[in-house]
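Note that subunit A is present in both complexes that follow, paired respectively with subunit B and with subunit C.
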Partner chain A sequence: MTTRLIENLRENWLYWLIILFLLAFPFLVAAQTGSSPFGEPRGDRMVMRGESVRWQAVMIEIFILAILAMSYNLMFGFTGVLSFGHALFFGLSGYIIGLMLEYTGLDNGIALILGIGLAIAINGILGLLIGLVSLRLKGVYFAIFTLAVAEMAFIFFGRFALTRAEDGFTLTHVPIWLDATQNRITLYYVALGMGIFTFFAIRRLINSPTGAVFKAIRENEDRAQSIGYNTLTFKLIAITIASMLAASAGVLQVLLNKKVGPELLGIGNTVDPLLMTIIGGIGSFTGPVIGATGLHLLDTNIREATITIGSTVLHVSDFWGLLLGAIFILAVMVFPQGVVGTWIRLRMRWQKFTKSA
Partner chain B sequence: MATTLGKNTPILVMIAIITGLLTFSFINSNGDFGDFGITVLSGLFQGMLLFLVASGLSIIFGLMDVLTLAHGAYFMIGAYVAYDVQHPGGVIDLTAAIPDPNLRFPVALIAAILVGAGLGVILERGLLRPLYSRPIFQLVMTFGVSLVMVEIVKAIWDTTIYSWQDRFGLQESFFELFGQQFSVYRLFVVGIGFVLIIGIALILRRTRIGIIIRAGVEDRQMVEALGINVQLVFTVVFTLGCAVAAFGGGIAAPFLGASNNLATDFLLQAVAVVVLGGMGSYEGTAAGSIMVGLAIAVAQKAAIGTAFTVLPSITPMLLLILILLLRPSGLFGSAHSS
Partner chain C sequence: MSAPVLEIRNIHTFIGQFHILEGVNVSVPQGSITVMLGRNGAGKTTTLKSVMGLTPPSQGAILFEGKPIHGKRPYHIAQLGIGYVPEHRAIFKTLTVRENLELAERQAHDLEKRIDFIFNLFPAMRQFYHYPAGNLSGGQQQMLAIARVLVPENRLLLIDEPSEGLAPVIIEELMAAIQKLAETSTVLLVEQNFRMASRLADRYVILDDGQSRVEGVMPELIKDEQLIQRYLGVA
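Coming up: the complex of A and B.
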């Protein structure tokens, strides 16, 4: 038992270190900046002010994006199924939990738990159904089919009167212990837990025999089929799991922003995980996480910055889109296999170099 | 018998869908030929605009295996350039040089084409070429280019939505048929669209470069092995595709004005057209554009006064899903290609 533990520690020490760091993160920031990790009390309510809670929000967003990108990577990076409709699962689960909390009149806690369960279950079934109908389509055709389904949902909820169409609605019935404006730190740990679960669940899955078939499908679907695997079944497993994980990310997103709107279903929520996966490294475990962290940190920190050159002051937010576009183009040109792929290649070259020297 | 039927299935499906749409529209307008005519003209007009974006997308994809997500941005740029040249007080002010708005409009269109072509060459030569072997990255890169182009447009023309002010003769004139006013300009755009559909088809079928392009769609390596400079053909085709999209933006501007969201709106619809027509199939794209255009117009007409105001916006997607379920490779796509 102890030897297995030591083995595990030796193999995964970096992951354990990162998890420990993330667990302590709210308190580390609090200690560093002298702010409270719980916000500031005002009367019997809390006000989310101070560096620690601000950083918690940033980190929760990163966890959400990382879960979304990891689930996307499961389909695209490991199974080779390119989908342009990932936002469907993300946004729909947001709507489900929002409707459960605001429109059913159930007790907050029950509505929340029921909502989470329903969001994940419905999206899993939906993913399975979409897969059953459309996975016989190949490559780009499947991608565009999913895009069409997601866009229809986006347009529909943009006009749906019950959910206040384009404006969306805000959540007022979130249980207080999970309320991002009252107890943000609980949401932080819930999101962190979900992120860690997703990371290790996907790693376990891909290292299993099922995962081996996924990768075989990615490399050559015809060959995997001719060996005797029913590739459709395995692709269905991948899309079902990915849609359930994306649904959990959607739930977290809605709980963080306390707002449900059609933009959850927008194409941005498909493009973001796609770009994060590609920039971080397709088909690697850490790639999507690195991509999500990097892009979101860039977004939050550089966007508000100003650059002063002589007497002219430039606001980065004015040319943010330009910068983002340039980053995409540069990332594709400079890191052909994503950050992780480039890292591995550099390390291999270094090993070769030290061996020959 | 069975084989001829199998061969002609796409055409039969197409005829069935178009007939169905027209019949529905005719019943929907209570047998009023004037109403019906307006719906059809509006449908053909929208179809032609779609064709101008989708044709480039389709040929580029067929030949180069690049699904360029920047194509909608070229449409948008075309609209802005045409608007700018036509109206006073823009970047290029020609109101003094060419006071007649009727003459200024063709100049505006030519300017749109030139800008589109110029930006097309830059994108193909500078950014796309290093990525030929990595199709997924081309997707990301062209998306980045699309973002950058929208930002550049914002920097030059601000985020205002421009609606066309400077009306010219063609746009102002109407003709009467069955007691309804028809816009001559729409008819003019539909005419240009048909000329382009047939013109591009003739280029593809009858000229040397057309033969090279069609051969390249079939088997690029073989064409290369025959000693043809495929790189050059790529550049030419990509540039022309971008020029046509920009031309589409310019010609649409008197109706749609110029705004940032033209880029994504037209890209999504054009992608739907290309896919439902069958990727890489020129006939499929032409037929798909007309079908989707008609379907949108019919849906717009049918949705008036009902609760289904959302119908016209989701029509292209509905049609796409329906056709992909019937024919997994699109209408004119070959069954065994992926």
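Coming up: the complex of A and C.
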């Protein structure tokens, strides 16, 4: 038992270090900036002011994006199934939990638990059904199908009167212990836990025999079939798990912003994880996490910046989309394997170099 | 000669609009090595793919051990006990040698039971067991592709051009291996290299323009220079 623990620590020391850092993060920021990790009390309520809680929100967003990107990577990076409709699972789960909390009249805690369970279950079933109907289509045709379904949901909820159409609705019945405007730190740890779970669950799955079949399908589906695998079954497993993970990210997103609206289903929530996965390193475990962290930190920090050239002041936020596009083009052309793939290649070259020297 | 393990009866296969096979008949007797010969584009590879269900025939019948398999899906056909080694060293390059072999298991412990046999046949597989298969040389990749169909119990092996693009020394090694396989299972081989084919096979089928033309036993073909000249263009 102890030897196994030591073995595990030695193999995964970097992961353990990062996890420890993230666990301590709210308190570290608080100590550094002299703010409280719980926000500031005002009367009997808390106000989310101060550096620590501000950074907690940024980190929760990173966890959410990382979970979304990791789930996308499970389908596209490991199994080779290209989807343009990932936002569907993300957004729909937001609506499910929102409806449960605001429209059922159930006790807040019960509505929350039921909502999370339903969001994940319904999206899993939906992913399975979409896969059953469309996974016989290959490559781009499947991707177009998923895009169509996601856009249908986007348009539907944009006009659905019950959920207040384009405006969406805010959440007022989130249990206080998980309320991002009262106890943000709890949501921080819940999101962190979910992120850690997703990372290790996917790693475990991909290193299992089932994962080997996923990778075989990615490389050549016909070959996988001709050694006796019903590849459709395995692609269905991948899409079902991926849609459930994306649903959990959607739940967290809604709990953080306390707002449900059709923008959750927008194409941006498909494109962002796709970009993050590709820039970070497709088909690797850490790639989507690195991509999500890097792009989101860039997004939050650079967006507010201004550049002064002579007498003209340029706001970075005005051309943020352009900048992101340029980063993406650069990444695809110069580092097609992303940050992680390029790192591995450079390290291998370095090892060869030092060996021959 | 005993009943055929595989019988292809007058199949027609289209790829898109192209009528590739226009009546192919092949019969592969139990325990034999049958080789399909013919020029490039004669339909040899498509015939194997049609058997596997990758390019299903639109007409005709394919019988494996007397039961029809045409119209079934590729994975189903494979599970019946047919091992397929596609052309161009069709391994999974990003997976390790071990993972490639494990993937081929049809029942638990298949690999465990066969691993000594495989290591004996292809010692390089032992040496590179934990390396990505993409790092192997061309010949080793071909050996891995063949080793993979040896993991489960396959009663028929379809092997597409194993010698393609390989050095003569390696070809010799592969030939010895295929000969050894044929002791326990039946083989249908596609091979352009006539020297290799004539030494390995007991039977032959000649395909031309998507049709099977002549079928017989190898020693007769070797004597019939006119036939060789006409369909294969080699002497």
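In this text, the second predicted complex is superposed on the first by the 352 of 357 C-alpha atoms of A that agree within 3 Å, B and C clash if a C-alpha of one lies under 4 Å from a C-alpha of the other, contacts with A are read in each partner's own complex, and residues count from 1 in each chain.
What we mean here is this: contacts are C-beta pairs under 8 Å (C-beta built on N, C-alpha and C of every residue); 3 or more make two chains touch, one makes a residue touch a chain.
These numbers were taken from a predicted model, which means no experiment stands behind them.
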Which superposed partner A:58 touches (first subunit B, second subunit C, both, neither): neither
Partner chain in contact with A:314 - subunit B first, subunit C second, else both or neither: neither
Subunit B versus subunit C as contact partner of A:6, first or second or both or neither: neither
Subunit C versus subunit B, contacts on subunit A by residue: B
First (subunit B), second (subunit C), both or neither touched by A:274: first
Contacts of A:148 with subunit B and subunit C, given as first, second, both or neither: first
Touched partner set for A:329, first subunit B, second subunit C, both or neither: first
Which superposed partner A:24 touches (first subunit B, second subunit C, both, neither): neither
Which superposed partner A:229 touches (first subunit B, second subunit C, both, neither): second
Residues of subunit A at both interfaces, subunit B in one complex, subunit C in the other: none
In the complex, subunit C residues that touch subunit A: 52, 54, 73-79, 84, 86, 90, 92-95, 99, 102-104, 106, 148-149, 152
Subunit A residues touching subunit C - in the complex, by the definition given at the top: 209, 212-213, 215-216, 219-220, 222-231
In the complex with subunit B, residue positions of subunit A that touch it: 82, 133-134, 136-141, 144-145, 147-149, 151-152, 155-156, 158-159, 267, 271, 274-275, 278-279, 282, 319, 321-322, 324-329, 331-333, 336
Subunit A-facing residues of subunit B, complex: 67, 127, 130-131, 134, 136-137, 140-141, 143-148, 150-152, 154-155, 264, 268, 271-272, 275, 279, 309-310, 313-314, 316-318, 320-321, 324-325, 328-330, 338
